[in-house]
Amino acid sequence: MSHAINSEMQSCINACNRCHQTCLHEAMTHCLESGGKHVAPDHMRLMLNCAEICQTSANFMLSNSSLSSQVCRVCAEVCDACAKSCEQVGDMDECINTCRECADSCHQMADTYIH
Amino acid sequence: MSHAINSEMQSCINACNRCHQTCLHEAMTHCLESGGKHVAPDHMRLMLNCAEICQTSANFMLSNSSLSSQVCRVCAEVCDACAKSCEQVGDMDECINTCRECADSCHQMADTYIH
Amino acid sequence: MSHAINSEMQSCINACNRCHQTCLHEAMTHCLESGGKHVAPDHMRLMLNCAEICQTSANFMLSNSSLSSQVCRVCAEVCDACAKSCEQVGDMDECINTCRECADSCHQMADTYIH
Amino acid sequence: MSHAINSEMQSCINACNRCHQTCLHEAMTHCLESGGKHVAPDHMRLMLNCAEICQTSANFMLSNSSLSSQVCRVCAEVCDACAKSCEQVGDMDECINTCRECADSCHQMADTYIH
């Protein structure tokens, strides 16, 4: 894009974007179609909350917000909680990996740009 | 607000907003906690799709978009489909009423501002 | 709604909702049409970032998320920054008041439900 | 992802996603920092409306919604309008291309899955 985003931030935007897509898609297809533990209220909430905060976090970075690091920090926390919930439910390996990668990237962003 | 929105549009924004809140809240609490037919994939998808398009529709009107009527038209269609799904599931009266009111208001907006 | 939200949380949802609507509407009408200081990059970013995090914060509470307080905390911080930016720009009184009310309500929520 | 999305839909999700990111980023950096015609109310509204409907359209497809084609149709219309606005403003080549690609992909999706 014409106003270059530095490579660390671009990589965090991509991680948030992947995590948003994976959590939303898995919740709305795999989890709903599997039923049982996959539709436990706390698990479904975390999946959809994680999708939403990843979207918000990416949008803050894309808009060059001076408050991105604070949103990245809470995004990392939600991703960590979602990864744990996926481990307990089982059969959610792709989601676990995507959440962990996003949590790592967001923690890094939050620590780099401390305000 | 300082740039006045006419009363018909304000009433449509309010209807979209109520419908967004009701569908999201009912899906994430009542439906997930009830289980059974309430978490059928097609029903949960419609509830959450409806919440999202209502939010988008309200945001278009709030931003004074020249394309609001087109978004209102598809919003009305999603609300109608969600109301029907709620009837089939049962025990979703509040959501049915809110979706129907929003569908009516959005149909009216779409017909008033034809581009 | 059928799954009652306690009155403190409902009041915070309402504050976030009002702040989302006011910031989005004022940015997209009053600020864009006034030009000058009203479209300074940092001011417009804060207005639109504030609208977005308020929407996310309301959505977390509506979905009964266990991580709402963390999102409320960052929402309060963004609202405070937006109120300050509005003071510097001038002619943004409604937005200042709405942002401050939302910041207060979100700070309270964040302190009440500490995880 | 584990529940495979067919390649045509995946390509439309990717186009919406690129268009969301480009419009949001360009509006919040290039347009705001350039000023002048770049911050004309109608142009900024179209840029941000386009970003939002692309996000919604991608989310409908990711959630396997039966109403995706209707949202894709309105998304195509908003992308076309945004591309035209970018042409009139000038110096918005990347955004023009991304909007046109997204409009094409969304028109195709809308025509393929007619309900």
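A, B, C and D are the chain letters, set down in written order, and residue numbers restart from 1 in every chain.
Assume contacts are C-beta pairs under 8 Å (C-beta built on N, C-alpha and C of every residue); 3 or more make two chains touch, one makes a residue touch a chain.
Because the structure is a prediction, the values reported are computed rather than measured.
Q: When you check each chain against chain A and chain B, which touch both of them?
A: Both chain A and chain B are touched by C, D, going by the contact rule given at the top.
Q: Measuring between mean CA coordinates, which chain is farthest from chain B?
A: Greatest centre separation from chain B goes to chain A.
Q: Which chain pair is joined by more contacting C-beta pairs, C-D or A-C?
A: Top pair by contacting C-beta pairs is A-C.
Q: How many degrees of rotation bring the Cα atoms of chain B onto the matching Cα atoms of chain C, given to the nearest 5?
A: About 180 degrees of rotation relates the two copies.
Q: Counting only Cα atoms for the centres, state how far chain A is from chain D in Å.
A: It comes to 22 Å between the two C-alpha centres.
Q: Rounded to the nearest whole Å, what is the centre-to-centre distance of chain A and chain C, using the mean of the C-alpha atoms as each centre?
A: Going by mean C-alpha positions, chain A sits 22 Å from chain C.
Q: Distance between chain C and chain D based on Cα centroids, please, to the nearest Å.
A: 26
Q: By residue number and range, which residues of chain A touch two or more other chains?
A: Each of 28-29, 33, 41, 45, 48, 59, 63-64 in chain A touches at least two other chains.
Q: Touching residues of chain B toward chain D in the complex: what are they?
A: 41-42, 45-46, 48-49, 52-53, 56, 59-60, 63-67, 70-71, 73-74, 77-78, 81
Q: Given the complex with chain D, which residues does chain C contribute to the contact?
A: Against chain D, chain C makes touches at 28-29, 32-33, 35, 39-41, 44-45, 48.
Q: Note which residues of chain B are touching chain C in the complex, please.
A: Within the complex, chain B contacts chain C at residues 1-3, 5, 13, 17, 21-22, 24-26, 28-30, 33, 55, 58-59, 62-64, 94.
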